[in-house]
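In what follows, chain A forms one complex with chain B and a second complex with chain C.
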Partner chain A sequence: MHIPDGILNITTIATTYAVSAGGVGYGLREARKKLAERHVPLMGIMAAFIFAAQMLNFPIIGGTSGHLIGAALAAILLGPWAAVLIMACVLIAQSLIFQDGGLLALGANVFNMGIIASFAGYYLYRFTTRLMGMSRRGKLFGAFIAAWGSVFLAAIACAIELWVSGVLPIQVALPAMAGWHALIGIGEGLITVAVLSLVIATRKDLLELQKI
Partner chain B sequence: MRLKWWHIGLLICLAVALLAPLASISPDGLERVAKDKGFIESALEAPYQLIADYLFPGIENEALATILAGIIGTLILFGVVYSMAWLLKRGRRESP
Partner chain C sequence: MKHGFLDRYSDLDSFIHKLDPRTKVITTFAFILVVVLTPPTRWQAFALYFALLASLILLSKLPPLYVLKRSLVIVPFVLMIAIFIPFFRPGEVVGSYNIWLWEVTVTYSGLLILWNVIVKAWLSILSLIVLSSTTKFSELLKGLEQLRMPKVMVMILSFMYRYIFVLVAEVIRMKQARDSRNFGGKRMWQLKTIGNMVGTLFLRSYERGERVYGAMVARGFDGETRTLSNLRFERADLYFGIGFLVCLAMIGLSTLLYL
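Take a look at the complex of A and B:
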């Protein structure tokens, strides 16, 4: 879902850059308050995993592929602001080094896949586990819902940006983006559940870290 | 040095990067919409290229170029975010 340059208009570019810069700035402040020694390796591993897994596009129907965003997984394990920081680093590296996602569109990409996806994932997980309970099943179900919702809402944010940039009418952008990403979100859900069950099986304590 | 959990975690990440040549080459969700709705042509090329399209430049073998790009990116992200977290962590006060 990396938006290239040349698509968004200047107003959208400026607005999303401002919001994302504010979000990352606030995230850094939160991290400075709450981040402890034991968060440090997981932060690094999460960023490395998200980068590697994002390269691995999986096929969905109709000659389309999707890839993990990873913000929901990061937000479940580390909290939403930590996830925003991790996603921002991944997206900045992808844009600067790998020419994936435009330099001007970076603000929008951080907003969609960093801020929206992280917070959607975090609160959907909290909400679902509150309903289902904190059993293993509840957590994995919550992770699936969180991951699916994070992709779906990020896609809707992207559709709105296409609309306000005058690329597509909203009645075209919304169903197209939401439709494909409702399917891609299933892949996100399955990968997130797989990783979370690996964490539960091997290092359950990592789930108990204070959320940032 | 004792083996820590995250050493294994990093190896798992690098193993995932090794799988990158198996990735589907179909357009992703946004690219698909851009193609179907006819705005893919407005996308601009990047003003410069380093490891564009996740292919390490100058390597004929595409799978190898992809794996190399993946490993470099995975290690960079680990290093950058680990360092960032270490600098931000509580209880570490910079001396003037």
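Take a look at the complex of A and C:
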């Protein structure tokens, strides 16, 4: 889902850059307010964690594989604004070191996989756990919904950007992106559930961290 | 510490490597911007952009084959778009083919969009490769800080960069352990294993973060990091920057003049 440069048009680039820069700026303020000077090492190392976790590929169907995005996982554990910050750092490093995702498309990538995915993940988790209760089952089910929804909604945002830029017609871009990522989302969901159940089993207290 | 997969070739010695990171960030940004704004029908302009980039690659002593190979990362995305070209809105038909049961028609406007995407994405990725393979990430971050990226963001990014090496090494070790235990089985089992690996990685990272923070506080960390800034904007930067931007502007403007 990392959009390279040269695909989005200038209006989309400018709009998504503005929104993402605003979001990251607000996230930085929130993190500083709630974590004081602790936020720098914590956010840095969590960004490195998501970066490393994205290296683990999982099988989808017929030999294709996908990897974790991790926005929902970060949002469940640390809160939505922290997740926006972490994802922004991961995407900046991926773009500048691996050219995975473009420099001018960075705004759009942070918007999709940072802002949309984090907030979708966080609120879907909150909503589901409120509905099903804060039991282990509720939490794990919530994590699945959150992770699946975050991937799905990020893909839809990506499809809309491609459509607005005149690259693909919406009646093609939307079903293609949404359909494919509905599948990838299952993998993301199951892995997030496994991670959460491990954390519940070993260090339950880390689920009760202050959310940013 | 030196890892082959990060920062490769960024310690070569060439004119481009010696430029100030700010010069390189600004010229790269300007280059991609101008490329994106160029109308797709001006193929001469794209040829000139390519010539400009090729001369930079030669100047920077990067192995051209390596740059070419790196630029293939855009292939999956472009391929995805290429698949849908036949579905494009009707226009002047270039040809229609029968593939299995489908009657596929390729239109002129569809091909134009594909060409637009391929050429722009490729030129952009080439310039990004030149930027990142001629600049150390730590230098790049210093440059970005000078270019008004928030200081906290730069601090978080440099932290992240420091620990990527540690955590990636951790992942590689875990993968090795997994594969040597004959990783196979059903897809669900594989997903569960990967989930447990990510979970363990999270716990280890979080605990490491706490230890690192404790160690920093013990050494008097107060939320600020102080580093030496050794960035120097030299005369070479000025000449290179102006020369590059003038070339770029001339090529860009020529597309407007000969419509």
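In this section, the second predicted complex is superposed on the first by the 198 of 212 C-alpha atoms of A that agree within 3 Å, B and C clash if a C-alpha of one lies under 4 Å from a C-alpha of the other, contacts with A are read in each partner's own complex, and residues count from 1 in each chain.
Here, a residue touches a chain if its C-beta (ideal position, glycine included) is under 8 Å from a C-beta of that chain, and two chains touch if they have at least 3 such contacts.
The structure presented is a predicted model; accordingly, all values stated were derived computationally and were not measured.
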item	value
Combined model on chain A: chain C and chain B, fit or clash	clash
Which superposed partner A:C158 touches (first chain B, second chain C, both, neither)	first
Chain B versus chain C as contact partner of A:V40, first or second or both or neither	both
Which superposed partner A:G166 touches (first chain B, second chain C, both, neither)	second
First (chain B), second (chain C), both or neither touched by A:G187	second
Contacts of A:N9 with chain B and chain C, given as first, second, both or neither	second
Partner chain in contact with A:L77 - chain B first, chain C second, else both or neither	second
Chain B versus chain C as contact partner of A:G66, first or second or both or neither	first
First (chain B), second (chain C), both or neither touched by A:V24	second
Against chain B, colliding segment of chain C, chosen among 45-53, 99-107, 117-125 or 225-233	117-125
Contact residues of chain A, present in both the chain B and the chain C interface	2-7, 28, 32, 36-37, 39-49, 51-53, 55-56, 58-59, 85, 89-90, 93, 96-100, 102-103, 162, 167-168, 172-173, 176, 202-203
Chain A-facing residues of chain C, complex	6-7, 28-29, 32-33, 35-37, 70-71, 73-74, 77-78, 80-81, 84, 87-89, 113, 117, 119-125, 128-129, 131-132, 137, 140, 150, 152-153, 155-164, 166-168, 170-171, 175, 187-188, 190-192, 194-203, 205-206, 208-209, 212-213, 216, 221-223, 225
Complex contacts: residues of chain B adjacent to chain A	4-6, 9-10, 12-14, 16-17, 19-20, 22-30, 32-34, 36-37, 39, 42-44, 46-47, 49-54, 66, 69-70, 73-82, 84-86, 88-91
Touch list for chain A against partner chain C, complex	2-10, 13, 24-25, 28, 32, 36-49, 51-53, 55-56, 58-59, 68, 73, 77, 85, 88-90, 92-93, 95-100, 102-104, 162, 166-169, 172-173, 176, 187, 190-199, 202-203, 206
Touch list for chain A against partner chain B, complex	1-7, 28, 31-37, 39-53, 55-59, 63-67, 85-86, 89-90, 93-94, 96-100, 102-103, 155, 158, 162, 167-168, 172-173, 176-177, 180-181, 184, 202-203
